[in-house]
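Same chain, two partners: chain A is paired with chain B first, then with chain C.
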Partner chain A sequence: MKIWALLAIAVGLVYGALVVAGAAPADTAQSLIQGSLGSAKALEGTMKHFTPLLIAGVAVFFALRAGLFNIGVEGQFTVGALVCAVVALRMPGWLGLIAGILAAAVAGALWAYPAGWIKAMRGGHEVISTIMLNNIAGQLSTAAVAGPFKDPNQQGTTTASIDPALMLPSIWQDPRISAALLVAVLFVIGIWRWLGRTVPGYELQAAGANPRAATLAGIDAPKVTIRAMAISGAIGGIAGALQVVAYEGRFFAGFSSGYGFDALGVALLAGSNPLILFPSAALFAILAKGSTTIQVMNGVPKGISFVILGLLIVIFAAIRYRKVPVKES
Partner chain B sequence: MNDLRLLLEGTVILGTPLILAAIGGYFSERSGVINIALEGKMLIATITVWLVTIATGQPVIGVAAGISASILFSMFHWLLTQRYSLDPIVSGMAINAIAFGAANFLDKRFTDPDQAGFPKLPLMAFWVFALMLPFLVWLYVRHTRGGLRLLAVGSDPDKARQMGVFPQRTRFMALIATGVLCGLAGALIVSNAGSYVDNMTAGRGFIALAALILGGWRPLPTLAACIAFGFFYQLQIQLQGTQVLGISAPRELWLCLPYIATLVALAGLLGRNRTPAGLGKP
Partner chain C sequence: MSLAVQMRGIGKSFGAVRALDDVHLEVEAGTIHALVGENGAGKTTLMRILYGAIHATDGTFEVKGQPAKFRNSAGAIRAGIGMVSQHYSIIPDLTCLDNLMLGAEPGWTIDKRAAEQRATELAQRMGFEFDWSAEASTLSPAGAQKLEILKLLWRKAEIMILDEPTAMLSPADSDALYGSLKQLVADGATVIVVTHRLPEVMQHCRDVTVLRGGKFITAKPVAETNPAELAELIVGHAMPPPSVRSVPDNAEDLLRVVNLTVAGHRGDDAVKSATFSLHKGEVVGIAGVDGSGQRELFQALMGTSKLRHGELILGNWSLHEHSIAERLRMGLRLIPEDRHEEGVVEVWSLELNAALGLQRFPPLAVGTIVNDEARHQAANEMARRFNTKHGGIRQPMASLSGGNQQRFVAGRALFLTPRLILAFQPARGLDIDATRHVYEGIYEECEKGAGALVVSFDLDELLQFCDRIIVMNGGVVTQPNSRDRAVIGRHMVGVAS
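This part shows the complex of A and B:
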């Protein structure tokens, strides 16, 4: 009952906002779909959001299974993208591509490691430490592309661009779909099998569900926590790297448009089933791409997509992550 | 001499919104509600203060409206975490997203591009209040019934419940205090800037949270951390382009300092971990 009430309030709020913006809600919904799925070009734009959201979503999902809120995917994504761009530009060719992605995985894992260590060894909350690491990543990566890695031929704070011929190939033409999507799908399936079918995967979920019980059962819970955080960071780093080698071709200041934060929503919507990551990442990608269209076509400010996103997170968290209520008075 | 005066003034200008927000966070976190939504509460206050002040021409009404908006979001936070038992972090993230989107929406929809400046608030009153506040809060939590209850609920909600204190009620009052202080901080930020840009608070809510953690969830050390952050930020502005000890560090390195200090504090390298024992418990 309460969930439906919440949903009704959310729909009412969004509807009201559209009316305030002077746009017809039906028209707006139509341009949202048209702008994100209506043509090959629109679909390509949506794909560009879908792939990183899916992989970053896997990273957050993985950490959630271990009982960790990895809000730091934003920072790991940024660090991974920067490292990948730098390595791929220094070592051209296929070798550089692979080396760049691997280096990004290492960088992402290293960027997440302090959060895991602080959580496991010192009891400091991982959300706070990853927020701090995100901000540090944002500042340092900007400094890096403003200083040592800046392309001298460019005005803005950006690295040079990778030769388009050496970027990740596409697996489909018109609409062009990058091989990065394939990697993302493999990640989802791989994580799904790994969590469900292997001993470390089981240990990770056990430690996430109840660290005390896991410790009594002989699982080294602190070690599992640190490892889970590092792996989650590595996946986040790879998400950033693929965004460079598949779509952008370079790293620039403000590279991530909040993928790490959206990924938390993607993972929350998926709950405990990794296969639901596909529809939930698609939903977020459509919102991200379509909101630019409605801003241009219907004059509805882009901000409305964040309001919808926030409401969605609340509603789905209410469905899935309710703790046992405490009776009072 | 002029430089020194500028440094002092800049420290106060940049530090006071941080103090207000951090003490706002103090009430929330001390009552047991993890609050990463200081940013969103400040942000919704900035846009409300901006629009209402311009519409009415009365800064007093504008600030009151901003505080009300911030309280409203804080109440939403209370409702989600206490009534519906939602995770405080998830709901905090959602509140930040909603505030960011709503502020962008309202700004793009209602701000007049030809708008002349924003009336200055009585800044001295704000500054004195912000600098006195941590001392008052310190006295309050040490020497009043309400303050002791706040600490009791935040340290062990179950025991507090057994002793007849209602954690949810205490948290309700605590989150109203958070809303009021974040609203004041937002008003101060708009007044300092004199104009409105998208994402007005630009992460200052997280710096305030960092100051609170660095201060070990205690009002007076938190005050010191806020002043230190304001001081270093202003120092960085004034040192821009000049060399210190033969090297000119990029400004981004300076901007990282609060976050690095907080990580070090979280890692327990600055004395024991002072996280309130009941933080995040229902």
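This part shows the complex of A and C:
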């Protein structure tokens, strides 16, 4: 029911936005779908967006369940990607691949940890601290690939490239779909089961929803908060690592095209149900890929996709967080 | 004899719920009129209609003989009606004078000196004394209640509605309050007191109106009724005789509190070298006015605040050396003061809330895996125990009224064989029958070897239900050797001996 409501809003907004932009809605919607899902190549491009959005979405979602708004996934994604590329390039073969992903998880966790600690121990808001950590991550990683980790054989600020033979394999050819998708799906299902079925998952959500009641229920709320932030960061780091080992093969300045930020929208649309991360990430991916096509084919500016997503999130938030009338006692 | 207030055929619906139906109220000018009934009988709703805070669905009313129809409370205030609600509306960070004037400032600019002079005159008329420049946070509950009454006088109210004015006061402060009210009435004011304390009605009020289930039951002069009859009118059936309990005198100690000192939030000692014990099978009531250290005592027992000094021994186990989680495992169960903030997660379903605090214990968990089936059953059982009214256990906790949340939280606290029950105002928001049921539930667990500590600001409730009463005053625990109301009352204000 919720998904259908969402879909209805989405369709309405797409049409509305296109009319405003002065294009024929039906034609434009057709090229949007054609450009994102209509061919093997289109689908391949959409998947390339879908996978990181989904994992980064899990990272944001997980933190939200613990009552934390982790805007820092962008930074954790960047740090994870950098560390993964550096480690993978310095270790031989498959070992490098695995070590790179693990190192990225650790790096992402460490990058998120201060925000969790400040929130739990000092009451400093995680939104502020993670935004600052994002900026630090962006500048530091650029410095890193301009300096110590720069590939001397190349002009640009980038690391060397991983041997394509040692990258994450595909699970499907034509359209080529990377095993990263499998990892992403496993993450969603894993988080879904963990939150719904385990005592630590229950306690994490209790600490997120009402820390005082959680404390009286024997839950160490500050510890849970710090841990949840670190795990969210680790997932964000893995999202960055997979982008390196599945698609890019290297890290370069300006690596993330804002997946960490789009993931906020992906997770918000999912509400409290992790399985809705799938359609939510798909919507973002389709709009990201398809908007390029409509710009070329219909002359509709690419930015229209951001307008649509922005409106969607505002409407969704207005519905979801509407004030519930207080009961007369 | 003229009527100050006459309400006729008042009805009020909240959605499908009929909160009031054809209710009448006649209050004679210059009297103290008691409006009595159980929680949920509609007393406060009726008074909020009179005060213009909400609008009646049906019916009309007259104030001082004039037909009245208030658009909002400002209209009621202009007509000379004032109301003090159960939860004081005093802002702790403002001075007493600022609180007094708030919303009724004399003009666009404030002449503090003139204002303070008028405030002092008003206070003197009532026999009150205030340090007007002190922050309101320094006021005792009785002082806050006095300030609320002065706020009404400041607004020139002639008809005053007081909702449960003595809920937070000691017996001595309550008597003093009624003394002031009688003086006001002698000066021509009219007072309507919403209360559930029958001794007050019998002692201080001239007429009484009884509501039950949103319906008008009767109105009569207090002189023509008695407490037993009133109680029966309020509940709608004869009161069963109080259950007889016998606690063996020689029962072993369950809990020993030894020389306990706990810090308050201002850094002072909120509990001062308290020493007392609780026997197995015993229900001990802790009497005292609000803010006497009861809260901090419970925090120390639960483990949310550290001890400055002393020991807490449960059985042969040093409670104070263990985490909250371990204390819960040892059988500590809390019915918290603030169920919204401390007892439940309001956005969660009843089913999810059923496990809160018990989430690690079988059968609700098998190892670290949640047992859905058991949790579902537990939620049903907890809701059934004290007749929680709900629209399905998958509905969010926020959909329940406060009283029903309290029933559920009490049911949960008694669910998994508690050993030490800590109940802070367990009757809050409950009607007389439900209150008795909750205490009977506590008795049941006590017969199986548990013990219970109950904090209430209602001394009559403790006298009715507890095996023994200890008193807290300014952080000091005393143990009156009598169950006499007056003796305990003196302990509560620290003039015993």
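Structural remarks
Convention: the second predicted complex is superposed on the first by the 300 of 329 C-alpha atoms of A that agree within 3 Å, B and C clash if a C-alpha of one lies under 4 Å from a C-alpha of the other, contacts with A are read in each partner's own complex, and residues count from 1 in each chain.
As a convention for this text, contacts are C-beta pairs under 8 Å (C-beta built on N, C-alpha and C of every residue); 3 or more make two chains touch, one makes a residue touch a chain.
For clarity, every value in this text was computed on a predicted model and none was experimentally measured.
Applying the stated clash criterion after superposition on chain A shows that chain B and chain C can sit side by side. Of the two partner chains placed by superposition, only chain B is touched by A:Leu140; chain C is not.
By the touch criterion stated above, A:Tyr202 is placed in contact with chain C alone, chain B being left untouched. Once chain A of one complex is fitted onto chain A of the other, the partner contacts of A:Gly218 are limited to chain C, with no touch recorded for chain B.
When the two complexes are overlaid, the chain among chain B and chain C that reaches more residues of chain A is B.
After superposing the two complexes on chain A, the angle subtended at the C-alpha centre of chain A by the centres of chain B and chain C comes to 70 degrees, rounded to the nearest 10.
Look at A:Asn210: by the touch rule set out above, it reaches chain C but stays clear of chain B.
Here chain B and chain C sit at a least CA-CA distance of 5 Å once the structures share a frame through chain A. Shared contact residues on chain A (touching chain B in one structure, chain C in the other): 324, 328-329.
Taken together, the chain A residues at the contact with chain C in this complex read 196-203, 206, 209-210, 212-220, 324, 327-329.
Those residues of chain A that touch chain B in the shared complex are 2, 17, 20-21, 69, 71, 114, 117-118, 122-125, 127-129, 131-133, 135-136, 139-140, 142-143, 146-147, 261, 264-265, 268, 301-311, 313-314, 317-318, 321-326, 328-329.
Only residues 34, 36, 80, 84-87, 89-91, 93-98, 100-109, 161, 166-168, 203, 206, 209-210, 213, 250-253, 255-256, 259-260, 262-263, 266-268, 273, 275, 279-280, 282 of chain B touch chain A when the two sit together in their complex.
For chain C in complex with chain A, the residues that touch the partner chain are 14, 19, 45, 302, 304, 323-329, 334, 336, 341-348, 352, 355-357, 359-360, 365, 368-370, 398-399, 401-403, 429.
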